[in-house]
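In the part that follows, the structures are each spelled out as structure tokens.
Presented sequentially are two complexes of chain A, the first with chain B as partner and the second with chain C.
Right, the complex of A and B next:
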């Protein structure tokens, strides 16, 4: 038997697994599964957080836009009131002047 | 039993709402004549403000501005403001017939004429009417016509003359008090 055959024979000899290998493999598998699940959980958490932040931002933007729009409409309404009262004032001023002119004529 | 009480309460609430709505004056629709005038006028200003709109506008009055505070006080109780101002490039569009038709359109039994002035030479007319309900002013109508300009003002709701008079910033509104006094004086003569 030359060296090569001896080496081959030794390599093919059935040896018992080191003690605790199975446990370590199972533990590693469980750890990897847990890590994977944790990663998925984190991913979902991030997604949910992103959706929540987007919803909050959209809500805030909508609320702000609504406030701006309401303010604009309010200012418009206020301006209309002022225009209406201004026209009323002008008309009443004319009536007053006409009455005073007529009073002057009568006197 | 509870259902009956609830039903009675709902009915009472509905009845109260109906009464409140009935008491609230409604602004008129623009007449065909006004639409025709608007179509021919070179400059048109139309303002229609309902009670809700007035209440909304009141929220945007400056609390630190004296005139705004007075305006708010004035408009909060009103049922509506209807203002039309038509300006024409040339004379002839505002005839005495047009003015009379407009006057007749707005004049109903509840309105009391305060001022009714006619200038035959210049074709200028002024009408001021007050709506008096239970001795309280509940509206004012002003129709002011010149050869090239026509103004219609209809303010519905409880009008406090003293509040109008305080609006010095809006020049002329104080005239209402003077118009009122002049009319009373004329009536006294």
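Right, the complex of A and C next:
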């Protein structure tokens, strides 16, 4: 190292940090930590709200599906009753016709 | 006893704030910007504190991040070293007062340093402020050793030439 380099080395000794730099760094760190905590809190709140909304929607959809299914079953049962009534009416018709035919022979 | 060292952020700030601030100031030539860079570097350290394995690692890490942040800040602002430096010296009264010819030359050298190209300035700063070897500088700047050596040689040559020219002016000026 020659004289110039020594001079350079001496002129480049570390300077003291400005007063308050450490305090500002620690304050910013604390602010960011609080913001992060807050962000996390908000995220959990959003997640909880999303889960609640999803549950309500699922419940409503289930209830609606149940209503539709009940209506479909009721309709099916009505159709079966109507078919049964139709068959019974035809059978009664036949019986009546036979009775009328027997009555005509006896007379 | 692997990783027995427990980093204490406040203590690290206390220990290294002068080093970080000096590097940032001499890289950027702007006191306000240097404070921002120093703050960023320490907050980045805080984020990565879990990965820091030893006090030496913390020091190395801080040097790397400070140099990289200072370069980024410079590129963003496109500061022109000498003019700004002179402005800062005047505004903030950095130690140019009560000086003999020797220390005046010293502070002149410090100011002249900011007129060097960024890469040369970074290499010279790490060599003469932090007293790192070229190999350590290459690691810190993530650059090939030959490039670092070349930056050191060229930077020193340029600085010497500028200093000679300024010294002549100083002697002529009386």
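Rule of thumb we're sticking to: the second predicted complex is superposed on the first by the 76 of 107 C-alpha atoms of A that agree within 3 Å, B and C clash if a C-alpha of one lies under 4 Å from a C-alpha of the other, contacts with A are read in each partner's own complex, and residues count from 1 in each chain.
FYI, a residue touches a chain if its C-beta (ideal position, glycine included) is under 8 Å from a C-beta of that chain, and two chains touch if they have at least 3 such contacts.
Keep in mind that what you see is a predicted model, and the values were worked out from it rather than measured.
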item	value
First (chain B), second (chain C), both or neither touched by A:99	first
In the superposition, chain B vs chain C on chain A residues touched	B
First, second, both or neither for A:89, with chain B first and chain C second	first
Chain B versus chain C as contact partner of A:19, first or second or both or neither	neither
First, second, both or neither for A:71, with chain B first and chain C second	first
First (chain B), second (chain C), both or neither touched by A:81	first
First, second, both or neither for A:3, with chain B first and chain C second	neither
Common interface positions of chain A, toward chain B and toward chain C	none
Contact set on chain A toward chain C in their complex	4-5, 7-18, 21-22, 24-26, 28-29, 32
Parts of chain C lying in touch with chain A, wherever the complex brings them together	9-10, 13-14, 17-22, 25-26, 31, 35, 38-39, 42-43, 46, 102-103, 105-107, 109-110, 113, 124-125, 128-129, 131, 156, 159-160, 163
Residue numbers on chain B that touch chain A, as the complex places them	45, 47, 49, 53-54, 56-57, 59-61, 71, 75, 81, 83, 85, 115, 117, 119, 124, 126, 128, 142, 144, 146, 151, 153, 155, 167, 170-173, 175-176, 178-179, 182-183, 186
Interface residues, chain A side, partner chain B - complex	71, 73-75, 77-78, 80-96, 98-100, 102-103
